[in-house]
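One structure below.
Per-chain residue numbering starts at 1, and chain names A, B, C, D, E and F are given in the order in which the chains are listed.
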Amino acid sequence: MKKIEAIIRVTQFEAVRDALAAIGVQFFTLKEVRGYGLQKGQRLMYRGANHGADFIARLQMDIVAESGMVEGIVKAIESAGKTGKIGDGKIFVFDIETAIRIRTGERNEEAV
Amino acid sequence: MKKIEAIIRVTQFEAVRDALAAIGVQFFTLKEVRGYGLQKGQRLMYRGANHGADFIARLQMDIVAESGMVEGIVKAIESAGKTGKIGDGKIFVFDIETAIRIRTGERNEEAV
Amino acid sequence: MKKIEAIIRVTQFEAVRDALAAIGVQFFTLKEVRGYGLQKGQRLMYRGANHGADFIARLQMDIVAESGMVEGIVKAIESAGKTGKIGDGKIFVFDIETAIRIRTGERNEEAV
Amino acid sequence: MQTNEALDAAMQSQFMTNNLWILIAAALVFIMHLGFATLEAGFVQRKNVLNILFKNSMIIAIGLLTYCLCGFNLMYPGFAEDSSGFFAFAGFGLSHTTEAYSAADGTYTYWSDFIFQAMFAATGATIVSGAVAERIKLVPFLLFATLFVAISYPITGAWKWGGGWLDAMGFYDFAGSTIVHSVGGWAALAGIILLGPRAGKYTDQGIKPIPGHSMPLAAIGVFLLWFGWFGFNGGSVLSADPELVSLVFTTTSLAAAAGAVGAFFTSYFMFRSYDLSMVLNGILGGLVGITAGADIMSPTDSIIIGLIAGILIPLAVTMFDKLKLDDPVGATSVHLVCGIWGTLAVAIFGDCDGCGSFVAQITGILAIGAFTFLFAFIVFYIIKATMGLRVDEEEEARGLDIGEHGMSAYNQF
Amino acid sequence: MQTNEALDAAMQSQFMTNNLWILIAAALVFIMHLGFATLEAGFVQRKNVLNILFKNSMIIAIGLLTYCLCGFNLMYPGFAEDSSGFFAFAGFGLSHTTEAYSAADGTYTYWSDFIFQAMFAATGATIVSGAVAERIKLVPFLLFATLFVAISYPITGAWKWGGGWLDAMGFYDFAGSTIVHSVGGWAALAGIILLGPRAGKYTDQGIKPIPGHSMPLAAIGVFLLWFGWFGFNGGSVLSADPELVSLVFTTTSLAAAAGAVGAFFTSYFMFRSYDLSMVLNGILGGLVGITAGADIMSPTDSIIIGLIAGILIPLAVTMFDKLKLDDPVGATSVHLVCGIWGTLAVAIFGDCDGCGSFVAQITGILAIGAFTFLFAFIVFYIIKATMGLRVDEEEEARGLDIGEHGMSAYNQF
Amino acid sequence: MQTNEALDAAMQSQFMTNNLWILIAAALVFIMHLGFATLEAGFVQRKNVLNILFKNSMIIAIGLLTYCLCGFNLMYPGFAEDSSGFFAFAGFGLSHTTEAYSAADGTYTYWSDFIFQAMFAATGATIVSGAVAERIKLVPFLLFATLFVAISYPITGAWKWGGGWLDAMGFYDFAGSTIVHSVGGWAALAGIILLGPRAGKYTDQGIKPIPGHSMPLAAIGVFLLWFGWFGFNGGSVLSADPELVSLVFTTTSLAAAAGAVGAFFTSYFMFRSYDLSMVLNGILGGLVGITAGADIMSPTDSIIIGLIAGILIPLAVTMFDKLKLDDPVGATSVHLVCGIWGTLAVAIFGDCDGCGSFVAQITGILAIGAFTFLFAFIVFYIIKATMGLRVDEEEEARGLDIGEHGMSAYNQF
């Protein structure tokens, strides 16, 4: 069991979601996050003073999947989430110990 | 040290919180997330067009605890978070390397 | 590769961000979360009834870094995030399996 | 002859001014509906905001149309002189069509009379909508609102303003502390009794407050209501009489101000908190309180009346909560309690001859209250037994915006 | 002699009242600009809110200044009698400076005339701003708005209100269903054709709705527009004539109410949903529909006109969506479709002598529509070819608030 | 005899119209308090919104009650003729009780006079509340506001409007650029000097902007203020004089429009940004600027005055920031700087005989400014020394809504 955290552009969300659906992944959790990274936020002004918005809004997708599916999921996110310009985001893969479906109590492979 | 991520129904939050408190867990971090899964969101309409809200609002609880407590915590969440209908959510357990309390610098067991 | 999750006071964010920048860490993901813990929220009133706001608003910083940098990052957060009063928050360190930069496909060390 | 021309021109000019004021007052009463809509929207939870806006948008539409269809002729049926004046109906639709009005006919035209009165009609239903918010089903509520503004409000209104039996016995209610505000409050009370409290409000560990989602919206609502009240009370003079209208502006504003101060201190002493929702309700309490006697009070009287209304607000809110009568916006405290208080205050402070005696005021309060409460209770009861009144638990938890409308009030957050 | 004094005083008094009403009506029309600003802000996405507020704040400023500079004298150039009255210009700036007006000169002063008319002028551009929202560049839009209110609106306005050729042929448009509202709608149509739809609105899988970010803002907007419409229609009587102004208040309100009901039922039958955005548009549709004949309709007529306008709203919204003409706020449905309907309704329901015949009404609709659409299309086209009209994809995705202004409408969330 | 009857009726009719306008103007000035409340709420951070709404709700209540108690009689004490007219007090409470007013007594009743003036009184304190927002303690602020509107504002007001020494020397301030707006600005300046800037605003790396939490609220505020200004300036004619009131409507609107344009271009040239907050402040600057001479300016004059006021806004905001005088809503730029400018503009553009000379205007600005600044500084200083003026660091960081009220302005997000 692995957990994939993908931090993607807001504008690529629908492409990534569809790419995931195409390989059978329909379950994930989405979070609105602020990204600090190479792509600086827009220059912001308010009442004559600059405030470098050093972050930009991003989406984080958490996907839990069997280890065997990780490679495919990563590929799907990579191709659908990529624009080639700075700021495309990151994918992180974690090991997961147990996954439980609250409704049924099923564990691990059955739970995701 | 383990980290438990529970993705639950918004409506079960208070029950889960109280069930956790009953077994002595009062520390956790809560996030508002969007769940994509078996339970589809409500059919939404706006100006005559459907837009399948394919997600529903959910809460994610992050609980860090000693390994020995994990089983009890999972049980508590399972029983308090369950309605039996599709959409009850998931619990994921992760291994944690180090936990530090910023205020005191205490590590691991002492920190949570 | 490690992932550091730091749950800090809203008011310490800028200090922590600057402390991290000082040791060369400019990439992270920020989340607005609600903390349940020792520091209880303010006593709240509305129309004559108390409602213990049992949580307070907090920020969670997710930083992925090479294992070698973890110690320095934790130190920076600890010193900049500390006020000494209850409620300073926690740092958790996780092991990460793979990190991928979506833009380039670079993996792990090159990706962060 | 030329003299007559001049006098006619002068009287016509007075007629124009009087009539213009009634129309402007009607526009100001109209904006109170926006005040109610934003106040109620601010005081409900985020998930029920669109629903309350929907109801308030439909209520004003229903109110105007039913008042045109039958309400106006139920409320002003032209009771025969010396009749008991309990019920009469002058027929469907509006009767005036062609000839122009002039100074000789009074201070305003038929249309001005209609539109000013019509703007009042929907107020009662709007008051109810706030009290039963966050749990009542949409269509049943709209059905109730239609019957209430089409039938109940005009009938009790006719007893006094239509020249009926309460008017004959000297009941005094200048602009409607009882006839408009309590009436809404009684119907609200019937609704919240039959509906029960919102889920999770009254728990074993005590009262769990459910804070309104937006205080700016609530504050906008209260200021707009105060603004509209210049038309509500000022227009009820039914002419632009300089002395009376300006006195009414003064008493109305001073009572509102005193209501704020009364609620400020009382809620601080009771709860040790500076609670904006109480101060906002206090302003409204002061306004409702002065409404019955705004034209006959001195500044000092109006300050006292407003102050007491403001003091009543936190007490009433606490009382209704003790009784587990759940009213998200405080409509019963504001409109029912302060409406009764204002009507009684006429007997205490007013000194117009042969009117506003304690007996007359109490009779009016009880008769109108009893009729309205029963009407509302029965209608709500029948609806409950047939269509159902309350959304199911799951819908209440998820919110009525998604449940009833499939939409959210706020998007892209 | 004394008699004359009395008559003069009486006439002066009438003049004062008439004039005062025009001024109050001007203030009410002004508040419609806040209504448009909040309505449009509520119906756009969160990321484009500041941009729309910025445009609407500038439009009223531009409208007043250009109307002062040239619009007023283009719209009321004083056509020679019996002239065809197509185009004339009375010179730059305002001409009145010193002598006071009195009863002898009409019902209001030069300044009242100017300010009441000037408040109307910017309305057209405001209607456009909603339809082209979320994708048009700021400065090109402001340029268009300036040319539109300075030149196009006054020229077509002159044809009727300035006493031009349409007036001569009996075209009837009391307060501007065509002259103000359709005109805005035609320009909006030109804009959305040249701009294209917002990214992602029309997809292979069908129409993807892009819900407005705040229904409370939208509702505030619609109630304020209704409130302002008392001045828009009521002030168009151009005096405080009691019979007429009160009739206009009545027909205006009944049509708005019927519009809400029409849109309620139609959108329920079409989509099985209780869609607040449709009911709000329905109210506006009713208001636009009654505007051409608000002074000559009976209550029943005005209810029918409003009801049909309300029914047209969901149909028109669906039609424009089918045509892939993307209008985030429904401006074309409300102002263009219901504006045409209201102008035609004069020929159907109205019975003023020798005016408002089908021929005259259709001629007016077509002539003004053609001129306005062409003017707007050409100006937008030239701007598109030179400065560019549409923000780039990335900016559209990120939102115009950050893209055009470097600011967000909401902070610290 | 009959002739007299006609003349009396005509004069009574004029009296009715004049009086009605003062009352409607009072209602419009009232709505400015909602304008201030929403503007200030929009420009502060999300965590301090409820606090600012609370203050503004209490200020209007306090203003009306203290004006009734003593303010009115301090401001219009009836100075003996040829007295220096510096200070007098006509006693507590309102003096008028029974006899009706009629045309013979002027253009409006005692009550109209009171309520119109009373609505002005709280304005000064409202201006202060915005400038000291996000860091001042609640109860100390309310104490200051009470003393300020009860004592300081009426005393300086009496110098001119009460017929005091500044009036005698020809100082001209039609509707209060100095008497109302600068006065609020001076007190605001005293407050922000003693309070210091918000934490984190002025850092080593320069000025860190703290954006307002809601631009829609701010825009609603500015449009409502403009709307209310029709009553503020228009009502200050103190009659419904057609020529004057309509001129005032025109000059007021043109100055506001020009203020928007002035701020638009200046802020673009200074900062290369289209800053809505600057345009909104520019509109207000134009309104404040025209206020002193709205009845004596031509359209061209008023456009120039408004344009310069709009240009001054970004300059003043930048200047105050350079001086580290932190004003979250720009109250000092709008009300103090443009208030001074507008008062001076009377000497430049105005040409009323023997009034508004440079000497008189500058004397008025300095005398009223000095008195008000000192009064405010001393009161704030004493409060600071005794009760403390500023919330502690932790409360400021967490926000005053939770800190002072235990509530949030927005819930369930």
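Of note:
Keep this in mind: contacts are C-beta pairs under 8 Å (C-beta built on N, C-alpha and C of every residue); 3 or more make two chains touch, one makes a residue touch a chain.
As the structure is a computational prediction, the values presented were derived from the model and not from experiment.
Considering every other chain in turn, the ones in contact with both chain C and chain E prove to be A, B, D, F.
Looking at the partners of chain A and chain E together, the chains they share are B, F. If you compare B-E with B-D, the chain pair joined by more contacting C-beta pairs is B-E. Note on chain placement: the centre of chain C and the centre of chain F lie 46 Å apart, centres being C-alpha means.
Between chain A and chain F the centroid-to-centroid distance comes to 52 Å (mean Cα coordinates, whole Å). In terms of their C-alpha centroids, the spacing between chain D and chain F amounts to 32 Å. Across the assembly, chain A contributes 31, 44-46, 94-95 as residues in contact with two or more other chains.
Touching of two or more other chains is recorded for residues 3, 6-7, 9-10, 13, 17, 20, 24, 211, 214, 220, 273, 275, 277, 405-408, 413 of chain F.
Remark: the chains found to touch one another pair up as A-B, A-C, A-E, A-F, B-C, B-D, B-E, C-D, C-F, D-E, D-F, E-F.
Remark: chain E residues 2-3, 5-7, 9-10, 12-13, 15-17, 19-20, 22-24, 26-27, 30-31, 33-34, 37-38, 41, 49-50, 53-54, 56-58, 60-65, 68, 93-94, 97, 100-102, 108-112, 114-115, 118-119, 138, 214, 217, 220, 404-413 touch chain F in the complex.
Here chain A touches chain B in the complex through residues 3, 17, 26-31, 62, 64, 94-103, 105, 111-112, going by the rule given at the top.
If you check the complex, the residues on chain C that touch chain B are 2, 6-8, 31, 33-38, 55, 58, 60, 74, 77-78, 81-95. Per the touch definition, chain E reaches chain A in the complex via residues 200, 394, 397-398, 402-403, 405-408.
Contact residues on chain F toward chain A in their complex (touch as defined above): 206-211, 267, 270-273, 275, 277-278, 314, 317-318, 321, 330.
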